[in-house]
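Consider the two complexes below, in which chain A is the common component and chain B and chain C are the respective partners.
Now for the complex of A and B:
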C-alpha cells in the first residue's frame, strides 16, 4: 500500500520561464528508500516542501497521503532546524507542543535518542555536538512523532565521512523498522546500501536511474602541475601558531603556513576541527581567539584592514546575501570599490546564471545561493579568496563552472583557500592543509606523494 | 485589493504591525515637542500592513488592535479616546482605498493614504477642541497646524514604505505581484 502518492504534479514559479514540475509522479511505500538526484536549482527542495504540504504557491495535480501517516523532515542546514539549547529540550519540543505529560515525554525522548545512537546526557548543549551528532539529533526530534516517511535534504554535502557513516547506520535501522525514506542528494555514490529506488529529477519529471549509472569515484585530492610557483611575496605567512578560543581547549597546532599569489590551497578536515575558525581568523573577523602568529599581506589580520584585497565566503551563504536581486547583490561590491558594473553581468553569463539576474537571492536554493555569494566575491577579483565549503549543494555542472572560475582567478594572481570536509577531486591544488588529531599539516605535491608512498609501504 | 477573508499569514502581519507600533511608541516615549510626529510611526505601520496584507479592513483592524493595546497598557494620554486616535486614521485609509484606483503606482497610493490618515488624525483634535469649548478660530488654527506638521511626518513615512515592502517581498515574506 502506498504511503505517499504524487500524481501528475504541475508547478512553476511565477517568474520562471519553464515549469519546475511537469507531469511529475512518485509513489512511496513503507520501508522503501528513494534517492533523488538533480542539478542545482532543479526543484529538489521544492519537491520536499510539496510532499510536506508546506508549498505555499499554487500547484496542480494530486497529493495523496495514507490515512494517519506522519511525515518528518531533516533540513539541509541543522542551524536552521535546531531550535533549543540542549539535547533533551530539542527532542521534547514537538511533544511539548502536543501537550504530552512530562513523565511520558521523558521516556519517549530517551527512546528516540537511543534509536539514533545518541547515548549522552539530555542536558548536553547542542553547541557542543558535532555536525554528525546534530543530524542524528534532528532525526531523533522527528522520531518522537513516529513518522512513517522521513525526508532528508542533501545530508552528504554537510557531513564528513564519519558523519555520513553514522547517518547511514541510523537510516538503515529505520528502514528495517518500516520507515520510508526520501533523500535528495547531488552525490551519486552515497547511501548505496540503503537505496531501493533511484531517480533523476530533470525537465520537471522523475526519471529512473540504474545503480550502475549512479556509481561515483571516491574523493581524492588533485594536484596542479604548477608553473614557476611561488611568485612574489607570501599572501599568508606563519612560522607556527596555535588556534584556540580564549580559556578553552585548542582546536589545532600548526608548524607553518604559507600561501603565495596565484596558489590554491585545500583546507581539509572533519566537521568541527576548526576550518571555518581558521578562515575567519585569516579574515580578521573571528572573535574570542588567542592571538595568532599569522600574517596576511604582511599584516596582522583585522576587520576592515584588507578592503578589496580579501574576500571570505561563509559556509552559510544566506548570511552574506542582503540585496533585493541577484544582479544588485553582485554589483554591490563593484559599486563599493569603484569597479565597472558590467563585470557582474559578464560573470553571471560565464556561470550560466543570467536568467537569475532579477531573482531575489533569498528565495534561491542553497546551491544557487552558494553560487551567487561566490560570484559576488569573485567579481571584484580579490588578491586572497577564502572559501568555506563552496561546493556544498552544487551539482557536477556548476562544480566544473566554479572550478574554471577559480582557476582563472588563480591565473590572474588570486591566492585561494578552499575549506571542505573531504578533498575536491575536480579542483587542482598547489597546497594541501589537512587538519587531523588537533594538528594542521601542510603538504605540497612532492610531500603528499612521499607520504602516500610511505603509507602504501607501511 | 480583494476580500477573501484573513488567513494566518495576514493575521500575523496585522498583529505584528499593531504590536510594533504600540511597543515603539511605548518604548521611545518621544517628547520632541513637534506637533504631528506620532503620524510617522502610525502611517508607516498602517501602510506596511496595507502592503503586506492588501485586503479590505486590514488597516482598520490593525488600528483598532493598536488602539485597544495602547488603551490597555496605558500608552499615551486619552483613555478611551486612544481608540479613536489609532482607529480613525486607519478607518479613513480603508475608506479611501475603496475609491483609490489600484493602477496608481504604489508610491503615490502610499502618499495619498498617508495624507488622508493625517486629515482623520487632525480631525480628532478638532472634535476634542470643540468638545472642550474652544473658540472656532483657535480650533481652526490648531487643526491647520496639526495638518501641516502631521502631513510632513506622514509623507516621510510613506516614502519609506515601498523600499521596505520590496525588501519583504525579496525575502518571500509577502507574495503580492503589485508590490
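Now for the complex of A and C:
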C-alpha cells in the first residue's frame, strides 16, 4: 500500500521559461528509501515542499497521502529548524503543540533520543552539539510525531563522513522499523546501503537510475600535475601555532603553515574542527582566540589591513549581496578599491553570466547567487583568496565553473585556501592542510613521502 | 536526567549557558523584577540611582558568572556615551555634560536586567510565563525573538566583516563622517533584514511542520 502518491504533477515558477515539474509521478511505500538527485535548482527542495503540502504557489496534479500518515522533514540547514535552546525542550516542542501532558513528555522524548543514538543530558545546550548531532536531534524531534515518511534535504552535503556514518546507522534502523525515507542529494552515489529506489530529477520528471549507474562519491584529493613552484615571498607564513579560544578547549596544533603566490591549498577536516576559525584568523576577524603568530603578507592579520590583497568568502555567501543588479554587485569592490570597472564585465563573460548582468542578485537561484558572491570577490584579483566551503550545495555544473575561476586566479598569482569537510576531487591542489585528532598536518605534492603518509592516514 | 553518553562529542566546547531559573513561578518573579528595575532606571529620582546601580552590578556579576558576555553591553554603552556626550557638548556646552552621561547610564541600567534575564531564564520558560497573559502565538514569537538574539548579533558581525573586506567605507574611522552612514545601512542593515526575513519564514515553516497552532491549549516541557 502506498504511503504517498504524486501523479501527473505540473508546476512552474512565474519567471521560469521551462516548467519545473512536468508530468511528474512518484509513489512511496512503507520501509522504502528513495534517493532523488539532480542539478542545483532542478526542484529537489520544491518537490519536498510539495510533498509536505507547504508549497505556496499553485500546482496541478494529484497528491495522495494515506489516511493517518504523518510526514517529518529535516531541512537543508538543520540550524534554522531548531527553535529551542536545550535538547529536551527541542524534542518536546511537537508534543507541546499536540497538548501532551507535561508528565508524559519525558518518556517520549527519551525514547526518540534513544532511537537516534543521542544519549546526552536533556538540558544540554543545543549550541554545544556538533552538526551531526544536531541533525540527529532534528530527526528525534520528528520521531516524537511517529512519522511514516521522513524527508531529508541534502544531508550528505552538510555532514562530514563521520556524521554521514552516524546518520546512515540511524536511518537504517528507522527503515527496518517500517519508516519510509526520501533523501534528496546532488551526488547519486551516497547512502548506497540504504537506498532502495534511485531517481534523477531532470526536465521536470523523475527518471529511474539503476544502482550500477550510481557513481562512487568523490572523496579523494586531486593533486595539480604541474604544481605552482614556490615563487616570491610567502603569503602565509607560520612556524607553528595552537588554535584555541580564550579560556576554552583548543581546536588544534599546527607545526608550520606556508603558502606561496599561485598555490592552492585544501584545508580539510570534519565539521567543527576549526577550519572556519582558521580562515577567519588568517583574515584577522576572529576575535576570541589566543594570539597565533601567523603572518599574512609578512604582517599580523587585522580586519581591513590588507585592502584588495585579501578576500574571504564566508559560508552562505549570498548574505553579502545587497545591490540592485548583478553588475553593480560585482563592481562595488572595484569602485571602492579604485580598480577598472571593465574587470567585472570580463569576469561575467568568463563565467558565462553576461545575460544576468542587469538582473537583481536577489532573484537568482542558489547556485547563481553563490557564483555572483564569489565573482564579487574574484573580480578585484586578490593576492590571497580564502574560501569557506565554497562548493556546499552546488552541482557539477557550478562546481566546474568555480574550479575554472580558481585555476585562472591561481595562474594570475592568487594564493588560494579552500576549506571543506571532505577533499574536492575536481579541484587540483598544491598543498593539503588536513585537520584530524586536534592536529593540523601539511602535505605537499613536492614531497612524495608526505602524500604517501596522507594516503595511509586517509 | 543523565544517561550514557554516546556518539561523537563536539570538538568545540562553548561556554555552557545555565538557565538557572527553571521554575515557572521564579521565572514570573524574575520577569516582574526585570520590569521593575528597567522601569526604575527611567523613573527613579537621581538620588536613588546609586542603589539601582548596585543592584545592576550584582546582576552583571551573576550574569557574567553564568556565562554571559559583557562585550555587547560595553559596545552599546561606549558608543552611546560618545554620541550623546558629543551632542550635549555641541548643543548645551560642558556644564550640562553630566546630564548626558546620566541619561546614558539610565539607558544602560534599563538594559542590564533584560540581559540578565536572557541568561538566567530559558526563552521557553519566559514564553510559558507570558502565555498566561498573552495569546500562545505571541508568546512563541517573543520566546523565539529572545532565542535568536545571539544569532542576530553573530550575523550582523559577519555581514559587517564581509562588507569591510569588500572595501565598504563602514569602519569606525569612516563612520565619523556622516556621508558614510548610508553605506552602513545599505551594505549591512539591508542584507541583515533580508536574512532576518528568510530566517523568520524558515522558523515559521519549521514550527508549522511540528504541529504549531494545532492544539488550542498547548502544554509546556517541564524541565
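Annotations for the structure displayed:
Following the convention adopted for this analysis, the second predicted complex is superposed on the first by the 390 of 458 C-alpha atoms of A that agree within 3 Å, B and C clash if a C-alpha of one lies under 4 Å from a C-alpha of the other, contacts with A are read in each partner's own complex, and residues count from 1 in each chain.
Going forward, a contact is a pair of C-beta atoms (placed from the backbone, for glycine too) under 8 Å apart; a residue touches a chain by one contact, two chains touch by 3 or more.
Only a predicted model underlies this, so the values are computations on that prediction, with no experimental measurement involved.
When the two structures are aligned on the shared chain, A:136 is found in touch with chain C, with no touch to chain B.
In the superposed three-chain model, the partner touching more residues of chain A is C, compared with the other of chain B and chain C.
By the touch criterion defined above, A:166 reaches chain C but does not reach chain B. In the superposition on chain A, A:73 makes contact with chain C only, not with chain B. Contacts of A:83 after superposition on the shared chain: chain C is touched, whereas chain B is not.
In the superposed model, A:362 lies in contact with both chain B and chain C.
Judged by the touch definition given at the top, the superposed model places A:325 against chain B, while chain C stays out of reach. Contacts of A:99 after superposition: chain C is touched, whereas chain B is not reached.
In the overlay built on the shared chain, the residue A:333 is in contact with chain C alone; chain B does not reach it.
Shared contact residues of chain A with chain B and chain C: 362. Residues of chain A touching chain C in their complex: 52, 54, 72-73, 75, 80-81, 83-86, 88-89, 92-103, 105-106, 109-110, 117-123, 125, 127-130, 132-133, 136, 141-142, 145, 162, 166, 245, 248-249, 251, 270, 272-274, 283, 285, 303-304, 307-308, 310-312, 314, 317, 319-322, 332-333, 335-337, 362, 376-377, 380, 438.
Within the complex formed with chain A, the residues of chain B that make contact are 166-167, 169-172, 175, 177. Touching chain A in their complex are the following residues of chain C: 1-17, 19, 122-124, 144, 147, 155, 158-159, 161-169, 171, 186-187, 190-191, 194-195, 199, 202-203, 205-223. Chain A contributes residues 14, 56-57, 323-325, 360-363 to its touches with chain B in the complex.
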